[in-house]
């Protein structure tokens, strides 16, 4: 099973040079740590920044410079600041090419649920609905199963959904899977030590397996 | 009969302190010369400036600073520059409170025609349709009659119109008139030496005359 | 130039009335109109509708207005940091409308820009779309959203001049520029108020036309929600 | 940061193709992408659709592209300064779509912002409204307008950095920022190109995300249409 950092590390391999990327809160934020330094990419923060840098040192902390998770941050060289309307204009207009975010459930046609659990206090969708409705490429970082062992890769989402037919790829603690345009999870890679049989057993939605499924390798 | 400068001078009396104003090309541009200096007003140029100043001296000329008539201009203290989208957001959103512009025809319900003459080369409406559809107060500077003596204050516009039910007041070379919400031109003032009878004769649309009509005075 | 200066926050908020619709700039606690909120807390107000991306925390920002039961309804995109908020919501004292963040930003922008409605893909197929018009353009589904406007907008800038021009700093800009444009009366507080003419016209983020009152703010706390540092 | 720099205008426009939809920033001759237009004139192109507030004058700007019969259709708000334009229009060689200036600005803005349609009051009751959906909101009539997008957008800025961030000057900003966002490929020419990191992130008018190519322009003429002076 992959650790959270390994999920982030594996997702980082999907990043291409030249991309503008929005990283959600949680595991997606960790992806930044694994993007190779020679890849020129720009991280967008939907509260109004292109060019998120590392967290600040104590001396660098600026209350007027935070990310969408309200954490203090820094800017890299060549950054630009803007309003929330401009930020979501960028997102909605498809200029942010890659969105990486967490999910509670994903369905075999690419629907995603990640904002609301009935009966629990609703905190709000924040920018998630805009992000999943907009980017060309949406990659989800998630646990394959809930704590009580139920699959989160489903035929249909049981929770209120955040967006329809939008997820392109999933990296879970067990596997890497493409969500096919025609529907279905296509198994691409297994986590080290995880068998195809276990992935079959833990995937409720339609799973497509063709040929040998390689095991992921980490340095 | 009022000269163009007198029309501008009379319109300037309608300006109130604290207003943001858009002045069209032609006579409306002259209005700026007659706004009392103690009135704090701001002139908007729809190509992206709040705070139009006087024309530049030879030494001050800047090709990157023009008004909507493409004339070189200067800025007053406290000016702000912005994009065309922001400029028309201001206009459409009703933040520019007063628009003064020329017209070829106005109808008794406040329709205005000022952009197109059938059979002649069409140059385009520029920002006029946005301006007349937006500002709370629209004052028209115009000649009361065409060169061949036909009234331009009509029951209905004969030319293609620029906007409907928008003109609030007209200052022509002969008179000052309100356009009433229920329809009709209400005569407020006569140009020096012009009789009410002449105005009646030269106004095709419904003219409303109540009591004595004072003559305009100029210093 | 028109002088928009008022003496202080108390004077700026003097005519805010109960049941009014208010907008507050800020993302989390960053770029929050702290002085105006403090002045509103001194007034006897209730039934307010507050439009703000977040609802503050229990002891700062709009959270303090919630505590005083001034707020009838919150319109926000994320409200997760506030226990009092949760209590009032669950008890039915507080009404909440949750809106996707980009839709919120654009609805406010539309309000200022005189655009009564527009189409966005955010929320298609979700409960956000319920009751809204859905339409297909170029093969993709969109839903129609309406503008948002306010009786009073409260914004906070880094620098401002007496004619109401504003410059924001860092990510404290966020919702402030759109909210400035969407308020019938917009009240701006600034860390540094300068005479008209001292700010570069080319660097203004919010032109003064959108601002009806401006004042020099005092004692900014600028609280940080998630102080995150790296080892240097 | 991503480096968007290309050597010059010729390289920047190398893949522009006939029948493409092009946007050009500028108002009159102010803020015009002079270098890109010059480079386009060197190419064998025709059937172009050009979206630009104006159509240049006979011997400058888009007027030169008209003269070379590169343009099939102009989408503009005002085209009054160009005799060749008039000739081609009357002879039926050139198609023209005239759009209210604010609607043009907003349609382009919508194209960049992913908003396929919006409502505006401009043009209600006029021939501009013909064939368009009219709808009443809060007692006022509006018409629905669609977004505009381009295969290539050409913009001109005062300063830019290698990551594509742009700062405009004076009223030369005009349509440039929206057009930068509405092009599939946006080509920016700048009077001064600096390394990423030299521009203040807080003063950027167009964030680099919208710009695919940037180059240092040369020999700017910056022609003035109406040289108007006062006696000093």
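Residue numbering begins at 1 within each chain, and the chains themselves are lettered A, B, C and D in the order written.
Note that a contact is a pair of C-beta atoms (placed from the backbone, for glycine too) under 8 Å apart; a residue touches a chain by one contact, two chains touch by 3 or more.
This one's a predicted model, so the numbers in the text were calculated from it and none came from an experiment.
Enquirer: Going only through chains that touch each other, what is the minimum step count from chain C to chain D?
Expert: 1
Enquirer: Identify the chain pair with more contacting C-beta pairs: A-C or B-C.
Expert: Of A-C and B-C, more C-beta pairs in contact link A-C.
Enquirer: Distance from the CA centroid of chain A to that of chain C, rounded to the nearest Å?
Expert: Inter-chain centre distance comes to 29 Å.
Enquirer: With centres defined as the mean C-alpha position, give me the chain A-chain D separation in Å.
Expert: Centre-to-centre distance between chain A and chain D: 36 Å.
Enquirer: Between chain A and chain B, what distance separates the C-alpha centroids? Give it in angstrom.
Expert: Result: the chain centres lie 55 Å from each other.
Enquirer: Which chain A residues reach two or more other chains?
Expert: 49, 81-82, 88-89, 91-92, 134
Enquirer: Spell out, as numbers or ranges, the residues of chain D touching 2 or more other chains.
Expert: Residue numbers touching two or more other chains: 106, 109, 113-115, 120-121, 169-170, 202.
Enquirer: Please list each pair of chains that are touching.
Expert: Listed by label, chains in contact pair as A-C, A-D, B-C, B-D, C-D.
Enquirer: Any idea which chain C residues touch chain A in the complex?
Expert: Within the complex, chain C contacts chain A at residues 27-31, 53, 76-80, 86, 89-90, 96, 98, 100-106, 108-109, 120-128, 158, 169-178, 205, 222-232.
Enquirer: Please output the residues of chain B touching chain C within their complex, sorted ascending.
Expert: 17-18, 20, 40-42, 44, 49-51, 75-82, 86, 88-96, 134
Enquirer: Which bits of chain B are touching chain D when the two form their complex?
Expert: For chain B paired with chain D, touching residues are 45-49, 54-59, 61-73, 81-85, 87-89, 91-92, 111, 121-130, 133-134, 160-164.
Enquirer: Which of the residues in chain D end up touching chain A in this complex?
Expert: 1-3, 109, 111-115, 161-163, 165, 181, 195-197, 201-202, 204, 207-210
Enquirer: If we count contacts the way the header does, which residues on chain C are in touch with chain D in the complex?
Expert: Spelled out, the residues of chain C in touch with chain D are 106, 110, 113-121, 135, 137-138, 140, 142, 146, 167-170, 202-203.
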